[in-house]
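One chain, chain A, appears in both complexes that follow, with chain B as partner in the first and chain C in the second.
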Partner chain A sequence: MPELGRAALIVCLGLAVYAVVAGSIGARTRRRRLSESAENAILSSFAAALVASIVLLTALLRHDFSFTYVWQHTSRALPDAYVVSAFWGGQEGSLLLWLLILTGFSAVAVLLARRSARSLLDWTAPVLAGVILFFSFLLVAVASPFATQAAPSDGLGLNPSLQNPYMLAHPPMLYLGFVGLTIPFAFAMGALIARRADELWVVVTRRWTLVAWTFLGFGQLLGAHWAYVEVGWGGYFAWDPVENAALMPWLAATAFLHSVMIQEKRGMLKIWNVVLVIGAFALALFGTFLTRSGILSSIHSFTESSIGPWFLGFIAFVLAASLALVVSRLPLLRSKTRLESPVSREATFLYNNLLLVAFCLTILWGVAYPILTEALRGEPITVGPPYYNFFLKAFGLPLLVLMGIGPLIAWRRASLRGLGRTFAWPLGVALASGITLLALGARSSVPGLIGYTFCAFVLASIALEFVRGTRARHALSGGSWAGALAQLVGRNRRRYGGYVVHAAIVLLAIGVIGSSAYDTTREQRLRAGETMAVGGYRLTYRTTTTERAANALELRAVVDVERNGKHLGTMRPGKNRYFAEQQVSNEAAIRSDRANGEDLFLIAEQIAPNAVFLKVLVKPLVNLVWLAGLVFLAGSLIALWPDAREQRRLAVRYGRRDALARA
Partner chain B sequence: MLAIFLVYTAIAGGTPQLRPSELKGRTGEVSLVGKVVGAVSGDARGSGLRFRLRDVEGGKSIRVVYRGSVPDLFKSGRDVVVKGRLESGTFVGTPNTLSTKCPSKYVAEKKAS
Partner chain C sequence: MIELVLAAVLAAAVVVFVAIPFLRAQPPAPDVEPAEAALVAAEERDRALAELKELEFDHRTGKITDEDYRALVQPLRRRAAQTLANGGPLSKGTPQARAEQRFFERSGSSGRRDR
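Right after this comes the complex of A and B.
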């Protein structure tokens, strides 16, 4: 069996090499059949990657410990679902997952583009194949998932904190996002190499970017929720380099999604867009590198890791080659139009982009700082959450305001009088909310108060857009108001889907501000029968229970919860002691209040038969963070949903030109 | 852009990351990276958790006293990071800064076992 896996990977590598060479020659000499053969090699590479993946999956499920990878990441006692998740629990397996998704996406992109953008594909296919080549080379020569050994009787098991349903969905989602960013990159490069100045690559890859971005965004929120309920320190995001690794490409892709609209509408920002798409892809590679090379523990472990230097080399190559390409094509990328006024919709998009990219660079600098200082001074200096939180406020709050301004402000040039009329309502709502919050005592956190005022402004301006549009639709076609709203959204899916995503970001902001600027923490040791008070709750510790489960000893502190003299129920924070892994894991207890989105979060820091050291957090509005994830998904789906009207419009705009290019 | 970050990091500063062998003579706050060796005693929620840290690569160890949250993965033999400062030969940890090194690195750790 391992031979089959190894052979499949070698075949995949061979196909990739062939696709790069044949595709390049075919595109250069305009030999259609050679190009098509290269594309077919990409399609077949997916089959090869699939075979390799099936081999690994089978070995995992059969507990075949003669596979070193299976031995390292599973044990016989591990439930089947987590045996599957061990596929991406280690370095080699997750690289194989990268390759599988990459070849799968590439195959779909090739098949779709054959119908809609034939001429773009000639140079895009070799670029895609180049990325496939890199990953299959790593898997064949550097980090093989098919290394074998004399089979031990049992495996080492999976880290208990990864034995969680979230770990089934979170890593693959991030990979779908990371890998998805390869497709727009490849098409952008394909267009540049072919010296095409039109926007076809933007149109073809818009959905790819959106899909990748949605996966990355939703995957991160899943990860945050996992950290919140499972890791149990009472937070959901800690600016950990591994978390930053996913946030950076998401920010770059967010900037790109906005600025391509300007390119589509006004033919501006072409160079910027190409640079962003390169940046997003490079950051996706960098993210994989950060989480998989071991550079985070220190430079020393990095040089010991086998894949680190290869990854760094590949990222450097991608950046150098693609930026050199951009420079050589600069005349093609010149804008047709210029920015007419700093107060216009275009300008708002530009500011939004600058802020997003600035924030992305902030994080990159923070992640790289220890590495740079260690290289320069021999002593790594780390920057912590205060650094990131400072810049989150500095860049995030203006971004929030722009989200309220952007959708309403006029294109090209907005007059001052027009501005007053447009923003009278949202400004009024924002001021009223600010004053109300101040009266309610929100002044304990000034950034929180400012943030909430801005949130009100954005929500009001989004609501205004929906109301105005629905009213116009209703006046035009009559019928019911709900029908008018459905028509409005249905006919402008990108636009109103985008607004729904904006609303999700506001919800996220409300949740983040509430749970970080207005939270309460209290710690206390309690003996049986003792009570502590925190944030309006009264907690009484009764006793500790001990239960023997299949793979762990479960200790739980029984805590009665009261508020305003009313019994709200019993919570059971505790610890699990895992037998096989010889590890302890914290099992926090969380009580969510549906009415106000507040969580009561209990951690049993120490637990004994008749005493417990409780850490209690009251986190207002934190549930809006999770709600934001669902709204975000809904908005993305609205924007992604196929729109026949738009397809026809695009076919008219690009179809003829594409046909000409083919002739 | 870069200038802003440079200025910020210069003013607000980061925390230097050191190994126990590099600690001698340092008085400011640093974050200490090392391997827990020997027995762990005391109470992190009482008079303080007491343990010794040495360089991950080996060498002499230093005494550490720490109060606050203790991560699940903490035990003798693990690589940990803790902020704090040196006070008359003992490294006194800043409360709630103890973390085990990169929890996703359990592959390497298993090789050691």
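Right after this comes the complex of A and C.
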């Protein structure tokens, strides 16, 4: 079996080398047969990566410990679902997943572009193949998942923190996001190398960026929920470098998705957009480097390996080559139009971009600084949450306000009279909300109060957009109000899908503010029968139980919960002692109140047969964070859903009669 | 042994697939795509028309006052007419052409006449 896996990876590497060379020669000499052959090599590389992945998955499921990777990351006691997740639980497997997704996305991109952007593909294919080449080389020569050994009787097991259902979805989602950003990069580079002055690459990459951005965003929320329920410290985002690694490319892609609209509507910001696409891809590579190089010490980066220098070299090459290409194509990228007024839709998009990029660079500095200080001084200087939280407020609150302002301002310029009329309602709602919250006692956190007032402003402006748009659509076409709303959204899915995503961000902000600015925490040692009170709850510790599961010994403190004299149930926080891994994990107990979105979160810091040291957190509105994930997904799907009218328009513009016939 | 056979089959299959373009008797058909200058002109044309439609809708929704609308619409119409001349009229019968015609009818002017 390992020979087949190795052979498949070598075939994949060979195909990538061929696609780079043949594709480049084909594009340069306009020899279509060579170009098509290179594209076929990319399609075939997916088949090769798939064979290699099937070999590894089979070895994992068969507990074939003659594979070093299987021995290092699984055990016989590990439940089957987590045996599957061990595929991406270690460095070599996760690199193979990268390659599988990369070749899969590349194959889909090639097939789609053959129909609608044929001429762009000539130079895009070699760029895609270059990235495939790098990852297949790593897997063949540096970090092979098919290394073998004399088979031991059992494996070392999987990191207990990774033994959670969320780990089945969170890493693949992030990887789909990371890898997805390769496609926009390749098309942008392909267009630049081919000296294309038109914006076909923007049309192609916009949708791919949206796909990658959706996966990355939703993957991060899944990761946050995993941290919340599994890691057991009471939070969901700790500014861990690995969490930041996923956030940075997402912020860069968010900036691109906004600024690309200015390019489409006004023909501006072409250089900026190309730089954002390059930045997002480089940050995705940097994120993988952080996660998999072992340069950081966190639960995510539990492996150390020799891939780090290769990754750094590749990131440096990508940045140097792509930025040199941008500089050499500056005359092509210069805009003919200028910003007409600092008070216009495009200006708010520009401000939004500056804030997003500034926030992204701030996080990058926070991640890089400890690494740089360790490299230069020998010991790292840690950048903690206060640094990030400061900049989250400094950049996040203005971004929140801009989300409410942007949709209400007209393109080109807006007069003061028009602004006054447009903003009267949202400002009134925001003011009324702020005063009401003040009266209800929200003054305990000034940033929280400001944040909630801004949230009310944004929600009011989004609601106003839907109401006005539906009214206008109803006046135009008659029919029912629901039909008018459906028509409104259906005719401009990107815009109204975007507003739904904005609503998700507001929900996220409400949840984050509620659970961080207005939470309550208390710690207390309890003996059997003793009670503690916190945030309106009364908790009584009864006893400690011990159960033997397949792969761990489970100790649980039994705690009765009451509120206002009413028994709400029993909660069981505790610890798991994993046999194979020889590790102990915190198993938090969480009770969610669906009526008000509040969580009661119990952690058994220390546990004995008749005593427990409990940490209790009451987190108001935290469930809105998870609800935001669903709304985010809904908004992204609306924006992503194909629009036949737009496809016809693009087909006419780019002269693809066959595509027009199919649309 | 079976692994080596499978590996050889995989290698042979991809070689054949990669070689298919060279095995065809006829070279691949050239693309039917307009010249780059025409593409850029078509993009300008679409952009101008989209801006006009957006302005019209923003005016209907009350986002733009009558004064602002009057100040913005004339330059946009002139530009749209110019880009229609540069980028060429839209093919008759295409959805975009129909949408354009409806737009000019609704806004009380004629794209063809302006042009």
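Here, the second predicted complex is superposed on the first by the 642 of 663 C-alpha atoms of A that agree within 3 Å, B and C clash if a C-alpha of one lies under 4 Å from a C-alpha of the other, contacts with A are read in each partner's own complex, and residues count from 1 in each chain.
Note that in this section contacts are C-beta pairs under 8 Å (C-beta built on N, C-alpha and C of every residue); 3 or more make two chains touch, one makes a residue touch a chain.
Computed from a prediction, not measured in an experiment: that's the story for all the values here.
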Chain A as common anchor, with chain B and chain C clashing or fitting: fit
First, second, both or neither for A:G635, with chain B first and chain C second: neither
First, second, both or neither for A:G235, with chain B first and chain C second: neither
Chain B versus chain C as contact partner of A:G90, first or second or both or neither: first
Chain B versus chain C as contact partner of A:G451, first or second or both or neither: neither
Which superposed partner A:A48 touches (first chain B, second chain C, both, neither): second
Per-residue contact with chain A, leading partner among chain C and chain B: C
Touched partner set for A:R649, first chain B, second chain C, both or neither: second
Chain B versus chain C as contact partner of A:G23, first or second or both or neither: neither
First, second, both or neither for A:G155, with chain B first and chain C second: neither
Touched partner set for A:Q72, first chain B, second chain C, both or neither: first
Distance of closest approach, chain C and chain B, by C-alpha atoms in Å: 29
Chain A residues contacted in one complex by chain B, in the other by chain C: none
Complex interface listing, chain C residues touching chain A: 3-4, 6-7, 10-11, 13-14, 17-22, 24, 27-28, 30-34, 36, 39-40, 42-44, 46-47, 50-51, 54-55, 57-58, 60-65, 67-68, 72, 90-91, 94-96, 99
In the complex with chain B, residue positions of chain A that touch it: 72, 90-91, 156, 159, 161, 233, 242, 291, 294, 296-298, 301, 358, 361-362, 365, 369-370, 373, 379-384, 386-387, 390-391, 523, 525, 575, 583-586, 605-606, 613, 615
Chain B residues touching chain A - in the complex, by the definition given at the top: 1-2, 5, 8-9, 12-18, 22, 31, 33, 43-45, 69-70, 72-73, 79, 101-108, 110, 113
Contact set on chain A toward chain C in their complex: 1, 3-4, 7-8, 11, 15, 18, 32-34, 36-37, 40-41, 43-44, 47-48, 51, 118-119, 196-200, 264-267, 408, 410-415, 417-418, 421-422, 468-469, 471-472, 475-476, 645, 648-649, 652-657, 660
